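So that we are looking at the same thing, I have put the structure below in structure tokens.
In this document, chain identifiers A, B, C and D correspond to the written order of the chains, with residue numbering beginning at 1 in each.
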Amino acid sequence: MARSDFTFSHRLRVRWAEVDRQGIVFNGHYLTYFDVGFTEYFRAIGYPYPDALLAHGSDVFAKKAALEYHAPAQYDDELDLLVRVARIGRSSMQFLIEIHRGDTLLISGEIVYVNADPAARKAAPVPAFLREAIGRFERVAPQSGA
Amino acid sequence: MARSDFTFSHRLRVRWAEVDRQGIVFNGHYLTYFDVGFTEYFRAIGYPYPDALLAHGSDVFAKKAALEYHAPAQYDDELDLLVRVARIGRSSMQFLIEIHRGDTLLISGEIVYVNADPAARKAAPVPAFLREAIGRFERVAPQSGA
Amino acid sequence: MARSDFTFSHRLRVRWAEVDRQGIVFNGHYLTYFDVGFTEYFRAIGYPYPDALLAHGSDVFAKKAALEYHAPAQYDDELDLLVRVARIGRSSMQFLIEIHRGDTLLISGEIVYVNADPAARKAAPVPAFLREAIGRFERVAPQSGA
Amino acid sequence: MARSDFTFSHRLRVRWAEVDRQGIVFNGHYLTYFDVGFTEYFRAIGYPYPDALLAHGSDVFAKKAALEYHAPAQYDDELDLLVRVARIGRSSMQFLIEIHRGDTLLISGEIVYVNADPAARKAAPVPAFLREAIGRFERVAPQSGA
């Protein structure tokens, strides 16, 4: 995937507290960055998390995550979080995320979220408003799910 | 204050993700350790946080914290968190905390919590059950407040 | 995989600071737990990380991680981290990790580490001492790599 | 102290992972924010931490921290970190920090750093270049130390 495949990016700077004794960002903190990307993506499509979702009786829960560590980020690096929704299934949404420092791909990964009823926390179909907002936002409409 | 002034201690091991590029625990993470000490203290006095408090219509919120960094903790260190309540005021409780590695005092500090109504989050008198439980637990009864 | 497939487990309690507004452990913090499991696994096989590795001119870096979120952990839960090495390749080691609360599987995942020269940080063959120590420790010897 | 007493401010947005079950930023994470303020302050005075300091044979270590929690920050809040050096002693520097959300003061605090030789980690006089850079940057020169 090329950087140009992503409509959305968000810049973030590595904090001192995120860097370990090896002088690199601790491997788990990239999921915190992914989550910042998720927050900003939902703001960008017009439905800030979680209020705009909760108002529609919807919330999301992480179901799966995967990361590949290509090269480490270091203290004070400015990183670009690239985020896109690659697939919307019946009740799940697959986010692809890449973290770049300038032209260098550092991390690539995905998170799959399940849409759920906020109270029962049981999987529920991705609501139409979200499906449409994401469809409009991505240059290429995400595949509808099986 | 001597180590023997504390009735309660809890052991904890420093994690890799808590240590920074200087090879020492990031200064903010000691407040996470303090909070673990707080959790275990409430368990020890018989009122596990927060359920036992919420059941009595009570919750607590941090009002003030202070830390002195005498010597740094390092990766894989086994630390002893010493915790005591030094003073119970009308609506606040002052916790004193020390972090030791063997005979070496690394960190000393305090946190003041305010007892509050969980819903309104307004200060409320420390409930009698808590005042009594802490009084029974500490070898020397904490001073009552002004 | 059954719980009995794991030789090694380590108990850990969920901290207040690890739980988010949904009342569940933030999805990224499970990688911190995985890392605690990694630390304790290396201690158990007789080569505490990182000193025992560095003394042999060896260090490891995360190359890949994956997590499946089956059910969430909550504040104050006691969790069992189950850790095993499933495969040792030429320069990489695949760790499988499960997080259980009692009989309930909450999280399963893997981390692949690459063995590397500590200074150059270039992949290097997994040293014989590590391969042997892991082989002795696991009830079933991990597959040797392709 | 009024907001206008601060020459320097830096904006930051609260992350999901920083908010706890009470729906507010965990009390320890404000020290991470303080540290971001510290990083940006050193960039602003022309000596990015730590490289510009290390290049002059200097590093700093936290000696003391104090926080007052006036009102909690919540998820997605945009916060202004206000930072100033209030006092430079022989080997220490006192930073005052306030965290505001719009016109509301949420947190106030201080951190005292000790200047040290990076290798020996023993206190050493604050170097002249730093004393001068801070003096130039603050509208009112910080008090020289006793």
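Criterion: a residue touches a chain if its C-beta (ideal position, glycine included) is under 8 Å from a C-beta of that chain, and two chains touch if they have at least 3 such contacts.
Given the structure is predicted, the values throughout are model-derived calculations rather than measurements.
Student: Between chain pairs A-B and B-D, which one is joined by a greater number of C-beta pairs in contact?
Tutor: More C-beta contacts join the chains of B-D.
Student: Farthest chain from subunit D, going by mean C-alpha coordinates, please.
Tutor: C
Student: Using mean CA coordinates as chain centres, what's the subunit A-subunit D distance in Å?
Tutor: Spacing between the chain centres: roughly 31 Å.
Student: Determine the centre-to-centre distance between subunit B and subunit D, using the mean Cα coordinates as centres, and give it in whole Å.
Tutor: Using C-alpha averages as centres, the distance is 25 Å.
Student: Using mean C-alpha positions as chain centres, tell me how far subunit A is from subunit B in Å, no decimals.
Tutor: 36
Student: Return the residues of subunit B touching two or more other chains; collapse runs of consecutive numbers into ranges.
Tutor: Those would be 16-17, 21, 26, 28-29, 32, 35.
Student: Can you check the complex and tell me which residues of subunit D touch subunit A?
Tutor: For subunit D paired with subunit A, touching residues are 15-17, 32, 35-36, 39, 48-49, 76.
Student: Over in the complex, which subunit A residues touch subunit C? Could you list them?
Tutor: Counting only subunit A, the residues touching subunit C are 21-22, 26-32, 34-35, 50, 59, 61-69, 72, 111.
Student: List the residues on subunit A that touch subunit B in their complex, please.
Tutor: For subunit A paired with subunit B, touching residues are 16-17, 19-21, 23, 26, 28-29, 75.
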